[in-house]
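Two complexes come next, and they have one chain in common, chain A, joined by chain B in the first and chain C in the second.
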Partner chain A sequence: MTSGLQLLRGVARRLAGAVLLLWAAATLTFVGLRALPGSVESVVLGVHLNDPGLAEQVRSSLGLDRPFLVQYGDYLLGLLRGDFGRSYVLNADVTDVVGAQLLPTLGLAAASVVLAGALAWLIAVLSAGAGPGTERVLHVLELLAICLPTFWVGSLLQLGLSFHLQWFPSVGADGFSSLVLPMITLALPIAGLLSQYMREEIALTLRQPWVLTVRSRGASGFRLRSVHLMPHVAISTLTVAGNTLGLLIGGAVIVESVFGRPGLGRVALDAVTDSDAPVTVAVVLIITTAYVLITTAIDLAALIIDPRLRQEAHG
Partner chain B sequence: MRTIRRLTVATTSLLTVAALAACSSGSGSGAQDAASTTPVSGGSATWAVAAEPSCFAPAFDDVLADRAITRNFVDSLVYQEQDGTFSPWLASQWQTSDDGATYTFSLRNDVKFSNGAVLDAAAVKANLDYTRDSAHGSSYAGLLGSVKSIKADGSTLTITLSQADSSLLSSLSSVALGIIDPASIKDGKDLCTPGKKLAGSGPFVLDSYTRGSQVVFKQNTDYAWAPQSLSHDGPAYLDEVTYKFIAEDSTRTGALQSGQVQAISGVPALSVAGLTRSDDITYTDGPASSSTFGLTVNGSSENAPWDNVELRKAFRDSFDLDTIVKAIYKGQKTRAWSWVGKDSAEFDTTLKGSWGNHVDAANTALDAAGWSTRDSEGFRTKDGQRLSLKVTYDADSVRDQRDTLIEAIQDAAKQNTGIEVDFTTPTWAALSADIAAGNWSVYPGSYGKVDYANSVIGTWAGYFYGASQWKPTEAVDLAQDAVTTTDADQYAKALDGIQQYLVNDQALFIPLVESTFQIAAGSALHGTGFDYSSGVPDSNYNVWLSK
Partner chain C sequence: MSEIAPARQAPRTRPSRPTAGVLVAGLYLLIVLAALIHPGLVAASGPNDTDPISNLLAPGADHWFGTDELGRDVYARVIYGARYSVVIAFLAVALGLFGGVVLGLTAALSGRVVDEGLSRVFDLLSAFPSVLMALLFSAFFGPGTVSLTTAIGLALIPSLARIIRRQAIAIRGSDYVLASRTLGHRPWTIVVRHIFPNAVSPVLLLATIEVGTSILTVSGLSFVGLGPGKPAPEWGSLLADGQAVISYAWWPTVFPGLAIVVTIFAITTVGRYLQRRVQGRHS
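Right after this comes the complex of A and B.
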């Protein structure tokens, strides 16, 4: 069997799994949100719930007067067409709301992940094999980066670098300078996590026999760690990085609020507090899609980086 | 000029640091400078506000604070002065018939919307007719409840009422009934998200809006119809105004202190002392002319045993509000005596000192009502049931330490009288469903700058008691009198009666603190003030930046 076909079959299996996952996410959110206290009419109408005729108007315009299964079917068909419906609260189409907020969040997330990766790589490469004292200090710093509340770190950065030193704007989303503080805030816990893994992996790999071979060829310690060890470390680190998506999303909610940035995080937070089901569903589906895409990409990347994985796939 | 200023600073301040700070902040930053009292045109100013407007279309904008932003591009028919009188704005003059049932407005004929459309009587009619049609679901349909018909003829607008309405001009002066281009008005709630279609006639024009971040206004260069009583006419001073939405209190104040924004509204009481310590920041507390923040208690039998007025009064008198408010707000907020704000003409001054903090009398009344035994936690009981009052406040509305205030009352009520206050903060969706079903006990809140009489009818006859048999009929009847009378004395008497009934006689509303809006501004920003039709910060028409 050719490895191309093998790859294709893997992708097909992945896709089927992804569709199943998306369907489950869509169904769970739909059912979950309908089970929340407070009817849809009361979310839409608020204080006007008892106004004569309005509740009926809302029910029929949203199709709430039809059987539950029919509503569910319509909802799924809508999703297939990319129609997420209309926000109950924002008086706008969900696609417009979410579409406008997607890019700022993607930008922030991507910038933070790149920064976190670079930071972690730098720390890991520079420090692997250092003495136990350095190890311990780094370990504490990493733990701090992971554990300190994002809100607190963001506020502190804002206080120091924006309010006092005036290096960066404290709020907004105008250009790169306004991205710096949110990016650092969001990157720190991820960098801490990645650096921890990378250093451990490097330490483990350094004990492998082939390392001696490389050394005996005269490679410097730095070159060894930054070039020869990288493929080995990269795979496990990538997997860990893929699993930080949750951190990233949770962090974005807070970072976007603290730094007054537009984005999905804020929209999601508002949608959940306001019981705005259509927006919540859209956000959940976007996150699920992102998760599927990222894990697939990482699996494929691992196949490319490590020939052994391709071998195992045959067996 | 600069040398003199430096010397002044050096002599009045012992701290070199302060002198340095004053120097570095530039030549024109002192609000007291003679040169800076003459407005200059140009520049752009940025506000930081706590919340993003829920809607930019006047008819559907239910959040009072949002009006400060909407006012920048929306004008009203008449202008409300600080003393509560009305002066011309889009209407250059008006007449009222003797029976008070017909208003004839003559509109200015030089007014255009920012998209070029003409603002005539037909445009005003289209706006008012849309809002008052209850099928459209505007919160403000009730403001026009007395309107029978509206006729438009060129620049003459005739509003015929089914009965006299003492609050009509007040309603028309508010942003809620502001006028937008009628071509798009049928889009209804679609106008909530600002786009090209939403056009007003105000001193600024909507330029761009980024959900979750900011809204930007540009000067309306054609503007020539400002209310006559304002200090200038023609276009506004500023070229551009930005409102940034910053939910975090500390971020807003930090952005102001570091000069990244020129003004903030929604100033937390505890930040005021820190802000005003700096000479570079001016702080203004708005008029207490709206309904106060307090506890609305359900008086119907669904809320037993609290349908007993003696129990409600006992709770009302079980805490020392003066001390609590002082301790929490450090003198930055005033305790309230009535449902009506103390700066309103309608405020009944006799309520001052007439209720509250009568712990002994409260305990006697509770004993007499049969709640004389105590359980292991010290709460009063009767037939094994604890005397408990459920206070529910939607989490989103909790701000400005109102939760701390309620917790202090909770504590005092327990210590002083053994009443349990069960305080929770559910979501608005859950809470509003409970209220609609009549299944509520105590709701903390303020109802904003409203027409008091109409608000009584909407709130106490409709909203809170929509599902109950029992209604506070006496207050509602008085409110009807107040709305329909054309006699000022009769109006005042009815309003006094309402306050006495709700607060003193029935304890259906327990006033806590005056509800005001605040502005803190950098000293380079001048001319900020309040919109007296709503009590919120005004548009930026008068605002200017010193160079």
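Right after this comes the complex of A and C.
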């Protein structure tokens, strides 16, 4: 079989896998939302739960009195159109409630990833080939960055930089200055993880024969590390991006809470408190979809870059 | 064989000794264990003993970590909090390990269809990182200890199950399993005697380290209100309480956070040391 055909099959396989996964996730949440009896009426009606006729009215207005399969089909079609149904509590469409929170979270996540990537790259390039002393110190620092609870770091930064030095606002979300502390808080563990991985990769790559060739052409150490090594390292670092994304998602929810920022995490947690399950489910599905899409895209990129993976796709 | 022999003996003649850091970490974990079994031994007052006259006292001889806004001793709350944070994390990992062993071995030892199906299940589970899983469980079953533990445990299953599956497949094709089969041992005996211990033991240490990571997840989620709830002195909840008074008192925030960091650090240090030792013995 030609390499191009293999590539095509590999891409198709992974795309089909992603679609299957998203369908399964949607089905799971549907079952969760519908299979818990009685909860919807009691959330919507509160103390009026036992008033005659109201429960039926709620069920019919939310479409819960229709056959199960019709509801399921409706739910899936709705999701495809980006329609997450009605909120139980807020008298609004879930899509409107959640949509407004998308941008703040996206901004925080993107800023943190960029900062973490830059930090890790800098550390990795500057420290590659350094002595065992530097190695050990960096190792401990990275471990610390990963072990430190984001909610604690956030509080400490507030303590030092907001209350003590008054450099940045402690809570809120207007302008760049209020983004600085949450961004640092969220970026630290990701930077630790990336840097740990990058340095390991660099150490491995430095032992490759072609490195000697580049050296013998008279390339400086810094040039070797930043120009020749980085593409190799960057590609293999991409493949651990899944771990990083998990950290990012978990971190964002908590960091928003520490700094009182609006966002998906905030709205999901409020919805848990209010028993407004459709809103929480919508947030989870949005993030899961993003997660699946990104990991699939990374898989595909690796497949296109590295021909060796195409053969394995069959095995 | 004679060529390989010296290389094999090398790690044995030079066993990796525990460094000072590993010893300190181990000692600390013993104290944590004491706090888990008998907190009264390590802390003089109870976690919920309020004393309105001495609220928000700075750390001193009477209250090592100071007191919170209700006059509760922060040190006592941190000590008793281990019973929540560490135990929940431990139970979650136990659940993840159990699920991982059962599903991983089933995938490895059943037919192709079951294997394919289970690998889809693992994909689905890993599409929900622990925080999302916890949000889902809290939305469906209400927030609390049970939802939290189950969610974190489930989120741990796919990675552990995949490792166990891979190990079990490798062992299934190994020479000693072939030898055992030739000797006429029944399949079940082979699974129990060879595949199970060899596939699971490397994962046990990994699971130990996961307890550390899970403490982070547990306390983070109860910080945002998805944990045991008040007045349980879970470490994350302590930090949330501290956050409320952070503009004028630093100690209710600093000390519980230190407890989390030091515990995770100690578990990771000891876990990695044990991992190195075990690997040294095998190579």
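In this text, the second predicted complex is superposed on the first by the 268 of 315 C-alpha atoms of A that agree within 3 Å, B and C clash if a C-alpha of one lies under 4 Å from a C-alpha of the other, contacts with A are read in each partner's own complex, and residues count from 1 in each chain.
Rule of thumb we're sticking to: a contact is a pair of C-beta atoms (placed from the backbone, for glycine too) under 8 Å apart; a residue touches a chain by one contact, two chains touch by 3 or more.
This is a predicted model, so every value here is computed, not measured.
After alignment on the shared chain A, the placement of chain B and chain C results in a clash. Legend: residue contacts after superposition of the two complexes on their common chain; A:T150 is shown touching chain C, with no touch to chain B. Of the two partner chains, both chain B and chain C are touched by A:Q158.
In the superposed model, A:L90 makes contact with chain B only, not with chain C. Within the superposed three-chain model, A:Q101 lies in touch with chain B and out of touch with chain C [touch as defined at top].
Legend: residue contacts after superposition of the two complexes on their common chain; A:L54 is shown touching chain B, with no touch to chain C. By the touch criterion stated above, A:P182 is placed in contact with neither chain B nor chain C. Look at A:A24: by the touch rule set out above, it reaches chain C but stays clear of chain B. Residue contacts after overlaying the shared chain place A:G192 against neither chain B nor chain C. Of the two partner chains, chain C is the only one touched by A:G250; chain B is not.
In the superposition on chain A, the residues of chain A touched by chain B in one structure and by chain C in the other are 36, 155, 158-159, 163, 170, 257-258, 273, 275.
For chain B in complex with chain A, the touching residues are 48, 54-55, 60, 62, 134-135, 137, 139, 189-190, 192-193, 210-214, 244-248, 250-251, 254-255, 257-260, 395-396, 426-430, 432-433, 436, 462-463, 466-467. On the side of chain A, the complex with chain B involves touching residues 36-39, 42-43, 45-54, 57, 89-92, 96-97, 100-101, 155, 158-159, 162-164, 166, 169-173, 256-263, 266-267, 273-275.
Across the complex, chain C meets chain A through its residues 120, 123-124, 127-132, 135-136, 138-143, 212, 216-217, 219-220, 223-226, 236, 239-240, 242-243, 246-247, 250, 253-254, 257, 260-261, 264-265, 268. The touching residues of chain A, when paired with chain C in their complex, are 17, 20-21, 24-25, 28-29, 32-33, 36, 143-144, 147-152, 155-156, 158-159, 163, 170, 245-246, 249-250, 253-254, 257-258, 265, 268-269, 271-273, 275, 277, 280-281, 283-284, 287-288, 291-292.
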